[in-house]
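In structure tokens below, several structures.
Two complexes come next, and they have one chain in common, subunit A, joined by subunit B in the first and subunit C in the second.
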Partner chain A sequence: MATVTVNGKEVEIGASERLNCIQAASKVGVEIPAYCWHPALSVVASCRMCLVEVGDKKPDGTVAMQPKLVPGCQTPAKDGTVIISDSQKVKDARKATLEYLLLNHPLDCPTCDQAGECYLQDYSFNYGRGYSRLNEPKNIKPDKTYIGDQITLFTDRCIMCTRCVRFTREVSGSAELQVVSRGSHEEIDIFPGHPVNNPLAGNVVDLCPVGALCSKDFLYQQRVWWLKSQSSVCPGCSTGCSITVDQNEERVYRLHPRTNEKAQGHFMCDEGRFGWKYTHSDQRLTSPEARTNGHVTSSDFDSVLGSVRTALKKAAQGKGKVAAVLSPWMTVEEAYLLAGFLKSLSGEVTLAMGPVRIEGKDDQFPKDVKGNVVEPVKFTIRAEKAPNRAGVEAVLSHFAGDVMPFEELLRLSSTGKFSAVYLVGGDPEGWISEIQAEAFSKIETVIVQDILSSPVLKHATHVLPSGTFVEREGVFVNHKGLAQMIRRSVRGPDGTRPDGRLLWELAERSGLIQTDTLRSEIASAIPALAVIGNAELKVNGVLLDEAVVAV
Partner chain B sequence: MAKFEPVLFARINKPDSTSLKTYMADGGYARIKEILSMAPVDVINVVKDAGLRGRGGAGFPCGLKWTFLPKDHPGPIYLCINADESEPGTFNNRILMEKDPHQLIEGIMIACHAIKSNNAYLYLRYEYGRSYRTLDAAIKECYAAGLLGKNIKGTGFNLDIVLHRGAGAYICGEETGLIESLEGKRAWPRIKPPFPAIEGLFRKPTIVNNVETLCCVTHILYRGKEWFQSIGVPPDPNNPRDPGSYGPKLYCVSGHVNKPCCVELPLGVTARELIEEHAGGVWKGRKAKAVVPGGISMGFLSDKEFDTKLDFAGPGKVGCLGLGTAAVVVIDDQTSMVDVLFNCCRFMSHESCGQCTPCREGTAWMTKILTRIRAGQGRLEDLDLLMEVAGSMGIIPGTTICGLSDGAAWPVKNAISKFRGDFEEYINSKRATVTSAQKLMEAH
Partner chain C sequence: MTETKAKPKKTVAWVEEPQLGFWESTFVPAIMKGLKTTLKHVTDRAPVTQQYPEQKPDLPLHYRGVHRLNRDEKDRVKCVACMMCATACPANCISIEAQAAPPEWPDRDKFPKSFVLDELRCIYCGMCEEACPVDAIELTHIYDLTGETREALMFDREKLLSVYDKTKDNPRDPVRTRRGILGPAAEFASLPTLGPATVVPDSDRSAKNPTAGVIKGSLGANS
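What follows is the complex of A and B.
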């Protein structure tokens, strides 16, 4: 163990932790402001914001301080390191650095997207001076709207921390961004004809500590202080990036990554980042329907659910007449509710795994100019475009013993084996083709629970409009067995119900759905999922047994 | 004192001084075989004991720097020769390279042998076209004569010298900026540690030495450390940290003098001697107002300080940053220090690499303030502001990655503290010395 003293307070750090002074100080709750330093990028120590006094405590108790201020980001915290971040010398240096940074900054906070979550604002407020002493004209640099399809650059707001440049060089590997010119005329720019359009491009917007790099998608949509944030998980692929969903007045405005070393680290891909638009699509299913001979006989949720229940109970009287498709887009709780309900109707029910969409191969970063992956891999966009295959499989193996693939169920369905099928969709890119849907054309009762229209709807006798990942709460298990929680951010459109509530009511459980209680029930019922009852689930997630994911 | 016989400049006025034939006729390469057969550590010790300090500006002891290399490194180890001479007023390396390239090449061979390097990269300032051609020809001559390449003179020592023309920036002369530039990147100085001796060019141990330093190495090996220590200023007995200023030094005298020149003298001459005895006095019969002791980033000597010894310790005693490159720039009494300082600041803001915030913004800000003062809109408070900005930019040892920031701040501190009257008079007179053409130029 190593002991580091921060402003007189001692803190123990692990011998193998390899922390710098900023990280060591944060352990005792002391913030050392920094712009250029980012835990996932290389150290350049150029912003000079994190200057601190550093010394060494000798074994005899005397402290030898270094005469100059050193950057906290570059200085390792070792046993006996003494960090002072609240001396007048440090405060003066910070004040001077902030004054320099604001010299040519346009101070256009009223029209800047970053205002409210801007480190330049925060640090100026905490450490800076209240006014500028610049009497001369500021440097004027042109805005660069061509920097990427999703990204725009307000050049004059830039403080040259070069986080974005390092990101494209070190994480995406595409190296589109560079610094041009010299001195105070420096600007971030792209190489001509090579805009920042790599699959991880959106991260440079999050990395930018000021309002220089902005997302065109979010630009001028909302003031950030209107937004309410909810931590969640990206459903775009089986990587299961930890994210934050920002919404206002029941409308999602953006997703951004939430740092979680257990999941993906610090970043997320653009596919996931901008992949929530279907939530507010006008193509959403918003009308529950019970149909007889193609005519809608009921469009009231409670009566449709009643009709579904009656139809299932009727079919369950026959031997092996009921089948269900559980989608990899369901949460563990939803899968458990549905499977449990159907099992309670008949022990002979057939449970199958819904289609798991695979697109190409896992896309790994960084890549070199030729597109070859460079070790060590820092980010992976997975080919498996479903968030919870592992979790649903765990539920299926519990109830059905093994996992029946979707194709097998299609085959059985077309033989006319079943008289009722319960199909759960949820994949916004579509999950069933016209030809596959034909397998259900002869079945008496076809219940479809989905968010968007699909070819199978024309054979449906019951339609249950359900919720997207921002409207539900529950557990997703990613590719390596990390169980994380998605949380409800917005209410779904009228005429939809979150899957959990819908299934809870279908199963005629009493009261309102309580996912906490439900999770404890699952944890005790399914040994493979025992850990999801842990409190840590709600923070950074918990890892399941490896056996669950090994399929 | 007897007249000093030039050593580094001994051959520069001889006919055909650049050719291998005349160099060898003057005794060059005569003992190279013997030196290359010495144990490397012995070579380092000779240089270390001689007390040779780097001529590039910082004055770091050369032999000591060589000992920082990791022991028993499997290699490769690189030597970089810093010939990116860009400090305003400095032109001694240029003369050495244009007039006596073999003296430098012999120094490179000895240094590479000492640090066990087989690859030397000569980073030459791009603007030095003639130096490039001379060196290129000299290196080719050496290859042809078996003085470079494999198994030099049968000693088993291999050495290749790569001549690299620089990227045209002041910052490329900073040792880690030079390494970055040599690697093909933007010349942004690296954060230290690791120092280049541990991890430098291509992430291998690297030594960066100045041209003049390496020329001195040749002579130290030929004439011995006693000879070297008989020249210059011994260490100050009252200062245990002073390693002394031994050896000959090339002083470049320019500015308002009758005869701008580069002269070789023992370390420790005074600015007054240089002006009066070697540069033919101040021009037009005027008096000198200020003298830059060693390149503009070292600050200014006022007329009371002209008798300061220009050795490694001298300028520091009167508030300058150091000896620097020993480029003495003389400013006469008809020149306004406001204009001089403006020129310094404009240079530094143009050359700031833009990596660290204080230097990037501070140099530009000081230039803007001085531009305003020169436009007749100065206020007396501006002087305090300039001092404060300079103070937060360059606190020795500095708050930035490299020394450019300190070097940019020092002339401001020196000029305002030593010539405050000049500035106050200028501001109070509301004079505007900027012409519209200059204004246009300054906009860039």
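What follows is the complex of A and C.
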């Protein structure tokens, strides 16, 4: 066990931990400011913001300090390392560094999108000098007109930390960005004709500690201090990246990755980052409907839910006449509510897994110029484009014993075996084709719970407009069995209800939906999901097989 | 005052009511004084009522009335859509939608695509004017604001610019700055070195050549 002293406080470092001075200091809550260092990227020690005094404690108890300040990001913390980050010498060095970084910075904070979450602002406020002594005109470089479809570069705001350059070289592997010229002419640029359009390009915007790289999608939309954030999970693929959803006045403005080593690490792909637009689409289903012979007979939730319940109860009197399709876009709670409700109506109910969309192959990064994956893999965009197949499968195997694939249910439906089916959609890219939808054309009662229109709607007798992932709360289980919470950020449009609330009311449970109590109910009912009652679920998530270890 | 007995800390001071003298206890001088004031008003024939609306009131120069959006020297809206006014506004009456500036406007990154100010919701505190880094929004002397509907008093960008056109030549509503670009910080070439907001030691270069705002002090290090 190694002991490191940070500003007089001792901290223990685990034998397997390889930390630098910044990480060691953060263990005792001491912040060492840094621009160029990022835990997921290589160390260049070029910004000089993390300069600290470092010394060694000799076995006889004396401390030998190094005569010069050293960059904390590049200095490993080992047994006996002494780090001093609050001496006058260090404070003066930080002031000088910041003064230098701000020499040519345009200080256009009012019109800069980064203002409010800018490290240049934060560090200037906490450690800076507060004023400039520059008498000469600033060296202002013109902004780049185009460097990528999703990102813009305001060259004048850049402080040359090269985080973005290292990201494209080390994580995406595409290496589009580079530093051109030297000295005060130095700037970030692309090679002409090779814009930053790789599938992970959006991450350079989060990496940029200042307002140089901005997202075109979010540019000038909102001031960041107006946004309210909520931790959630990206539903784009089965990787299940931990994300933060930023909204203001019931409108989502952006998603950005939340660092979670258990899930994906530090980044997320552009497909997920910009893949929430359907939430505010005008194509959303916004009217509950009960139809008789194709005519809408009622369109308020209470009567439609009542009629759904009556139809299901009537069908349940026959043997094996009720079937349901549980979508891999449902949360564990929703799947449990629906399966539990149908099971309570009739023991003979058929439960099937909804279609799990697979697109191509898993896309792994970094890639070399020829497109071959370079080991070690740092990021994977999975081919399985559904967030919760594992969770819904666990619920299905609890209630039905095995997981019936969608095709099997389609085959049974077209034979006319069922008189009522409950179909849950949720996939924004569409989950059923015209031909598949024909299987349900002869069935007496077809209940569709979905967010967007689909071919099966024309056979539907009941339509229940439900919520997208930013409107619901629940648990998603990703490809490796990591259960994480999605949380409600915004209210859905009028005429929709979050799936959990719909199913809670359908099952005639009393009061409002309580996902916490529901989760503990699931945890005790389904051994495979026992772990979701764990409090850690709400932070970084819990692995399902941790249950075996914990119990 | 003797009531304040020895206590560890004197926080309350007792003040005795002064004793009434003979004349004071008759109340005659006070009655005479009151009658004198009454007689003065009874005999004064000069009118004090302002004949509004025939006669317009003379408002103080710092009066805060209807807002205007200033134009720059090229007649474009001066606002850069930074939304500082909307942030500062305690009544939440300003809503701005920003748009990237066209490439032929190299002096700014964005401008307001829409700028709506709810004059009915506004409390005329002037915080927007204070927050604006480019002096684009100003409060004028117009006070007699009327409208037939609530919507008519949701002033949009064009309406606010027309208030500017109407008031810019009025000596009571001078355009207070000459700046068309983003605030003092953006005027790299013409502005002197910015003075420190903190106390600086005498040895510092900025203390030897002070600009506005320099606080010279003997506090030593400016930390």
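Operating definition for what follows: the second predicted complex is superposed on the first by the 544 of 551 C-alpha atoms of A that agree within 3 Å, B and C clash if a C-alpha of one lies under 4 Å from a C-alpha of the other, contacts with A are read in each partner's own complex, and residues count from 1 in each chain.
Methods note: contacts are C-beta pairs under 8 Å (C-beta built on N, C-alpha and C of every residue); 3 or more make two chains touch, one makes a residue touch a chain.
Note that the coordinates shown come from a computational prediction; the quantities given were computed from them, not determined experimentally.
*Asks:* Based on the shared subunit A superposition, would you classify subunit B and subunit C as clashing or fitting together?
*Replies:* fit
*Asks:* I want to verify the contact counts: of subunit B and subunit C, which reaches more residues of subunit A?
*Replies:* Higher number of touched subunit A residues: B.
*Asks:* Contacts for A:135 in the overlay, against subunit B (first) and subunit C (second): which applies, first, second, both or neither?
*Replies:* both
*Asks:* For A:61, is the partner it touches subunit B (first), subunit C (second), both, or none of the two (neither)?
*Replies:* Neither partner.
*Asks:* Tell me which partner A:225 touches in the superposition: subunit B (first), subunit C (second), both or neither.
*Replies:* Only subunit C; A:225 stays clear of subunit B.
*Asks:* If we overlay the two complexes on their shared chain A, which of subunit B and subunit C does A:14 touch? Say first, second, both or neither.
*Replies:* It touches nothing on subunit B or subunit C.
*Asks:* Based on the superposed arrangement, let me know which partner A:48 touches: subunit B (first), subunit C (second), both, or neither?
*Replies:* first
*Asks:* Contacts for A:184 in the overlay, against subunit B (first) and subunit C (second): which applies, first, second, both or neither?
*Replies:* first
*Asks:* Counting only touches as set out at the top, which of subunit B and subunit C does A:69 meet: first, second, both, neither?
*Replies:* Touch partner of A:69: subunit B, not subunit C.
*Asks:* Write the angle, vertex at the C-alpha centre of subunit A, between the C-alpha centres of subunit B and subunit C, to the nearest 10 degrees.
*Replies:* 80
*Asks:* Output check: A:93 vs subunit B and subunit C. Expected answer is one of first, second, both, neither. What do you get?
*Replies:* The first partner, subunit B, only.
*Asks:* Classify the contacts of A:103 with the two partner chains as first (subunit B alone), second (subunit C alone), both, or neither.
*Replies:* first
*Asks:* After the two structures are laid over each other on chain A, how near do the C-alpha atoms of subunit B and subunit C get, in Å?
*Replies:* Superposed model gives a least subunit B-subunit C C-alpha distance of 5 Å.
*Asks:* In the superposed arrangement, what residues of subunit A touch both subunit B and subunit C?
*Replies:* 133-135, 137
*Asks:* Taking the complex as given, what residues does subunit C use to touch subunit A?
*Replies:* By the definition above, subunit C touches subunit A via 80-84, 87, 98-100, 103, 108-110, 133, 182-183, 185-186, 188-189, 193-198, 205-206, 221-223.
*Asks:* Please output the residues of subunit A touching subunit C within their complex, sorted ascending.
*Replies:* 88, 91, 106-112, 129-135, 137-138, 140, 145, 154, 219-221, 223, 225-226
*Asks:* Can you name the residues of subunit B that touch subunit A in the complex?
*Replies:* Where subunit B meets subunit A, its residues are 169, 186, 191, 349-358, 360-365, 368-369, 371-372, 385, 392, 395, 397-401.
*Asks:* Which subunit A residues qualify as touching subunit B in the complex?
*Replies:* Contacts found on subunit A: 43-49, 51, 67-69, 71, 74, 92-93, 96-97, 100-101, 103-104, 133-137, 139, 159-160, 179, 181-186.
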